[in-house]
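Please go over the structures that come below.
In the two complexes below, subunit A is the common chain; its partner is subunit B in one and subunit C in the other.
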Partner chain A sequence: MTAARVGIGGPVGSGKTALIEAILPRLAESGIDTAVITNDLVTDEDAERLRRGGRLPPDRVRAVQAGACPHTVIREDPTLNMAAADRLEADFPGLDLILIESGGDNLASTFSPDLVDFWMFVIDVAGGDDIPRKKGPGILQANLLVINKADLAPHVGVDFPRMLAEATAVRGGGTVLPTVCRKGTGIAGVVEHLRREVLFK
Partner chain B sequence: MKDDAAPLMLKTVLGQAAEARWHDRLHALEHAGGLETLAIPEADGARRRMRLTTDTGRDCAIALPREQALSDGAVLFHDGRLAIVVRIDGAARMRLRPASVDDAMRLGHWCGNLHWKVVFGHGVMDVVLDGPRARYTDRLHDLRALAEFEVLDAE
Partner chain C sequence: MTPLYDPPATLAAIRAMQLADSGFPSGVFAFSWGLESALADGQVCKRTLADWIAAELRTRWYRFDRMALAGGHRLTGAMLTDWFHTVDTLMPAEAPRRDSTHAGDALFASACALRIELDPGAKAAQAQGIGHFSVTHGVFLRACGLDLPNALATSALSMARGAFSAAVRLGVAGAISTQADLLALAPLIAELATEPDPAALPASGMPLSDVALMRPRSGRLFIN
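Take a look at the complex of A and B:
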């Protein structure tokens, strides 16, 4: 099979890169051969962070610079990302998974189905418990919604069970998973969901 | 995956149900109760990987090569006793009819900003609904002050 392509979008600072850092070791433990493409505005900041982290060989982390609004290269014209994914598959035959991290963007950010097979949207409790109620396309249309930094809820005045329930309700019952990426909480659930829904192994 | 049996993997498009070489085989299987359907919403029709169940509840996982695509009538499995065929379920549509060319430009600009999928017709624009209709009509509320248009049911 060709590698599954999974998009990760969400606002700036919500924990997209932290989520990737957290799931990479678990994917490796499961024998899932993975590479990553990052998207930044005009730098390779996220790619460099992942390379420094050492959870993947540096040449398995590729960077795309959007140059403008980050959603343009994951939705309107995803050709740069498609080409990067094609190159990774050519360079690493047998890849199971290519994670494509969007540059941090607003709640309207969505992925083109031409680019990814599945995509998740990452928000965090510190961004406000009203985010699910705002019903942005990212919240509503993502295959999986991740609410990160759940442990910060009491410090930022968020009723986390209510936020989780509202997120599930606006998504019509679509899956919502809480995480604390920095501590590894909830990461097993995210990996299990990916394995079941898109990796099939 | 730890908690459930492996799904039936569907890794290629074998052909189209309407093709002569498939028609008779599928027809025979249908009478024998060996034809199953995978109903896929139009909004997911461009995906190449997904997990879903057939109309009889069979757990399937689609994983097509990049150069292949799902389409209505695509045959994804056949072993002589069982065949699995895709049915793309068309999404609901909402028709918008602008009153003038000026209104049409404002309406098109508005819907474009909302990233709506549209299909153009003669003097009308059909919006492909990926969710409740109210979610779309709510977004048109503020445009009423700027452009004159009708909201109709798509034919």
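Take a look at the complex of A and C:
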């Protein structure tokens, strides 16, 4: 195994797939050879969306079904994802990075260190500015917290600077990056963070 | 002085309990082997769930998985690879064949992560895309130190527990009531977990679950 394995978790609709769609072109521009594994709860919806998006060849996007348990397949029993990642590395020698997207879950979801080298947790402002204060393991333990849909803050009554400050505080200063994945805002910072902390290139 | 317990037997029992435990990572939690479709189609319900699982044990597991696993446990090297080919040949329907190798891949990944060295004959089979779960399970359990009787009991219990667990996650049965059902099935599991004749070939056939296993469904929670 040579490719770095990076998990992307977070609640349903927070923007996990949108984040992947946004970072893939920048990773490609940087010469980082990437593949993706999605963990859809019921269908191959996310995998199909990424394949249709054309940002990666379709066979570099693999779907793993989660057996009704999105957290089990990334934490208690990550073997299906490990097998999928092993298969990707066998099929594409020289891969630099495998992104593993969790199915939408709750604030308690975390990635097994047996599965990933690094993981980020994606929340969004529309979910409420009290999410960081709830201190779920996803918020606290992720290597990187991404707060997406920052542009929606004024429309959903969220004081975004305060939300950002509270998120940073509950994480003990751990990195928190704001994004608007649909518009590409903040994406360069996420990619730069991955290159510096995970890929070392 | 006679010891109060038999250390090797106790160790084997502890290993078997660990390997049959739902917490043991092997990927099987994501497979329902037709139960999800059968429940959705009304072929089985909460009242008949235990009967369905007993029938699966008596047919699919006893006639096919038990044989496949025993071969995986007994054989090594090229003969083991040949056994994988034999089992592959005996699975003519593509969907269960694909799902079996998919589940087998997860068990290989588990072995790799646990640094449990599997027989080269099994690795060769996986590289050829025929690393079927039941055979791999036999190889894996032998590598973990289980003898064949304990390996068979572990497999049968895991199959029944996995089916009940799927039913719980599908909201059809309760986690407590299924434990009562599993306790009631224990004598059947013990009765069925017998060593097969080495010359016997796997053969299955349970039309309802075979059809359910192959039926495509939209909105599926499990792999099959």
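Quick notes on this structure:
Operating definition for what follows: the second predicted complex is superposed on the first by the 200 of 201 C-alpha atoms of A that agree within 3 Å, B and C clash if a C-alpha of one lies under 4 Å from a C-alpha of the other, contacts with A are read in each partner's own complex, and residues count from 1 in each chain.
Quick note on the criterion: a residue touches a chain if its C-beta (ideal position, glycine included) is under 8 Å from a C-beta of that chain, and two chains touch if they have at least 3 such contacts.
All figures in this text were calculated on a predicted structure; none of them were measured in a lab.
By the document's definition of touching, of the two partners only subunit C reaches A:79; subunit B does not. In the superposition on chain A, A:107 contacts neither subunit B nor subunit C. Contacts of A:65 after superposition: subunit C is touched, whereas subunit B is not reached. In the superposition on chain A, A:153 makes contact with neither subunit B nor subunit C. In the superposition on chain A, A:4 makes contact with subunit B only, not with subunit C. Contacts of A:180 after superposition: neither subunit B nor subunit C is touched.
Contacts of A:137 after superposition on the shared chain: subunit B is touched, whereas subunit C is not.
When both complexes are aligned on chain A by C-alpha atoms, subunit A residues 86, 114 touch subunit B in the first and subunit C in the second.
Note for the complex: subunit A touches subunit B at residues 1-2, 4, 75, 86, 108, 110, 113-114, 117-118, 135, 137, 140-141, 192, 195-198, 200-201.
By the touch rule above, subunit C contacts subunit A in their complex via residues 23, 25-27, 29-32, 102, 105-110, 112-113, 166, 169-170, 218-223. Residues of subunit A that touch subunit C in their complex: 41-43, 64-69, 72-73, 76-80, 82-83, 86-87, 114. Taken together, the subunit B residues at the contact with subunit A in this complex read 1-2, 4, 6-7, 9, 11, 44, 46-51, 61, 63, 65-66, 115, 130-131, 135.
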